[in-house]
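Next come two complexes built around chain A: one with chain B, the other with chain C.
Here is the complex of A and B:
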């Protein structure tokens, strides 16, 4: 009986908090730009950009455009993609056409929480687009969370592609 | 949308008609007006898009109720090497699964899995229908903090590699491996309560108190025959499970599960009693290479299980695989299992599997494999080909 009481007590007394909000996107932007966050700009998923984004995500983007923040050779992207059932919100920093940082900001899936760990996201550091437009690095997965890993990989790939587009149009 | 090109074109067009300073002045006014309109339209468009994005934010507008599922069709063409034994030549829609989940709030959700096995549930007088309708999961989960959760209901026991993650595109081989099937025994679900917590080091811990197995001497105390499937299950003697898992390095998972059954016959057999399961496994993925290895062993108390050698039930397998590219992967697996390993009688099975997976889409898989089994003398020994198609969504 004491065992059951222990379980119940443990459940009731633990403070209930929001699940898996590891860092609010605004706080992530603040961190990246040291508090001086530039005004957001937009990339529209129209024409060739839409086609390429669809090819990378393997489905049409969920919105007509996406916001980004850029300063110098850096751009920051807050992107969302479904893992198995739920959206994963990811912050991606591109610097001079290389991935500087990937951070899982909000994770809503029931399996695969390990993708938020630095040991996983660090695998993306310095990844670039190959001449064929693919991600230059192979990412080691997490057992039981293959779809979440693929989702974050697709978002990183997309951020690199979108950065290459805005570099051209912004003339950076 | 009016853009710069339009304005320039307008200017050029208007220029053709500008013959006097008055015309030029009009032209400037027109340009200013067009500019003003352009800025207004752009502001209105931005405002409209922002409002639309706010109300249609993909993650916030995502339905609170989600329907998922998976399924697999199998073709088995197996010869029985045991003299007089019957071959297995059949096509079977082995599993058709629907999964419903619902988010009551950010911290409370319902998860379920309803499975139709073997395509048909027939109402026969002796219960000899080919299939089963099974409620494998139906629980309420509570997030207790960012790193801890509890659940109550019917859930999959936290043990092994396949027991909790068994959607067809996630594993090699048409049929699930015989070690997890006969020793763990997967797929295995129980009713009760569980608590899970995880640490930044990559360690996670699961503990659960739940209904127990109910095996008997008529099945030689095989653990698989003891699954009560939460159907008016005898609850005289509960079971307790603890699992520790470490996935601190990308691509690597190490896990161990301990389970204690208070009485594996639910106190119906005085010659049997408690039982303990120890399971350990490793999953290692490095680039295209993947290695899975698992060991599981049961220790059953009592003279009843000991009398038929079922006091020890043990199995292990090792499965290297190679992902050629996104679409293709090959594997080999060596399995050994014995549900009566407690005596010197020949009761051990072994099996070698080799095969191929083809994923035309990340969630769809076609599989083919060849199995070569070695069974105890006098038991069915199946060698042959399995072909399957599976999906998840």
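Here is the complex of A and C:
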């Protein structure tokens, strides 16, 4: 009987873990900048930036502009992408044109929550853009979370591209 | 002396096989057709096609209230129904949070859900979704303007944003034009209901296949059909074995 109760409890905990706010975007920014969050700036998805973003995401971006926060060679992007049906909000830190950190902040899908695990997100560390503009690292998938994995991979690729754009325009 | 196990007579098996087969035939055809279609919903676009039929929607208890609440800015209506936010009859995006209001500023329209503020163009295109105030200020109760600045009434009090909605300052609740809820015109309400955007054909097929469309009775019927199909396979196999031995 105790065994069954344990498994039922385990299943319920897993379902509860699946969806929700893992970390509020504000708290993520506070963590990254140790409480001294710089004023955000904007990137508009117009012209070439819009075309490239559409090509990376494989669809038009969901909004006309996005915010980013930068200090020195670091920039932080809070981006959203649909996995299967709902948006996955992800925080991505780029440092000196390399991915420093990827963190799933809000997960709204019913399946694929495994992407929040560190073992998955750590795969992105130190990924860069290749000379052809692709992600330099191959990201291993997770069985049952294919669409969520693809969504986070596209967002990481987009963050690297947007970082390269703002570095040029900000003259860093 | 051990007694020999009693053999099941062939006639008995044939009778049961025939009657189970006849009883379960319609459900088996139904399961086969819905099953094949379910395997190809993405290929034939059934996962993105939505049902407009009010009789089918009624099965899901989806009924548009007689009057749909919304917010009017200039000549446009913003409303929230079935987890979707509409700009007139156009879908802006999905949102599970309730719509709290909509205002116009010098540069954009702004709508508030309980957790986010969305900036929109005058055509209803999303410029940006801002989720920042949520954690620090609590849930948004209503949205308004003070001059050209967006103000929000939250669980923590009333706050006014700067022009880019980056910083929020506490402000006295005087001279604020709060967004007022009204009812969406009947014609638009009916149009939103007709367009549905809620239950996909894939979902309907899935519920037909599992029997869930007819609640517990439907599920039970499909379960019984499953057991009957199992018996059909067992009796069929036994008959084949018996005939082979002969």
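Methods note: the second predicted complex is superposed on the first by the 153 of 172 C-alpha atoms of A that agree within 3 Å, B and C clash if a C-alpha of one lies under 4 Å from a C-alpha of the other, contacts with A are read in each partner's own complex, and residues count from 1 in each chain.
By our rule, contacts are C-beta pairs under 8 Å (C-beta built on N, C-alpha and C of every residue); 3 or more make two chains touch, one makes a residue touch a chain.
Not measured: the values here are computed from a predicted model.
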First, second, both or neither for A:62, with chain B first and chain C second: both
Larger contact residue set on chain A - chain B or chain C: B
Touching partner for A:123 - first (chain B), second (chain C), both, neither: first
First, second, both or neither for A:24, with chain B first and chain C second: second
Partner chain(s) touched by A:39 [first = chain B, second = chain C, both, neither]: second
Touching partner for A:80 - first (chain B), second (chain C), both, neither: both
A:142 touches, of chain B and chain C: first, second, both or neither? first
First, second, both or neither for A:168, with chain B first and chain C second: neither
Which of chain B and chain C A:150 touches, first, second, both or neither: first
Overlap of the chain B and chain C footprints on chain A, listed as residue numbers: 62-65, 80, 86, 89, 108
Chain A-facing residues of chain B, complex: 49, 53, 56, 58-59, 62, 66, 68, 101, 106-107, 111, 141-146, 148, 150, 161, 164-165, 170, 193, 195, 198, 200, 202, 204, 209, 240, 247-251, 253, 283, 285-288, 362
Sites on chain A touched by chain B in the complex: 3-4, 7, 10-11, 14-22, 58, 62-65, 80, 84-87, 89, 106, 108, 110-111, 113-114, 117, 119-120, 123, 138-144, 146-147, 150
Chain C residues touching chain A - in the complex, by the definition given at the top: 93-94, 96, 121, 125-132, 134-136, 164, 166
Interfacial residue positions of chain A with respect to chain C in the complex: 24-27, 39-40, 42, 62-67, 80, 86, 89, 108
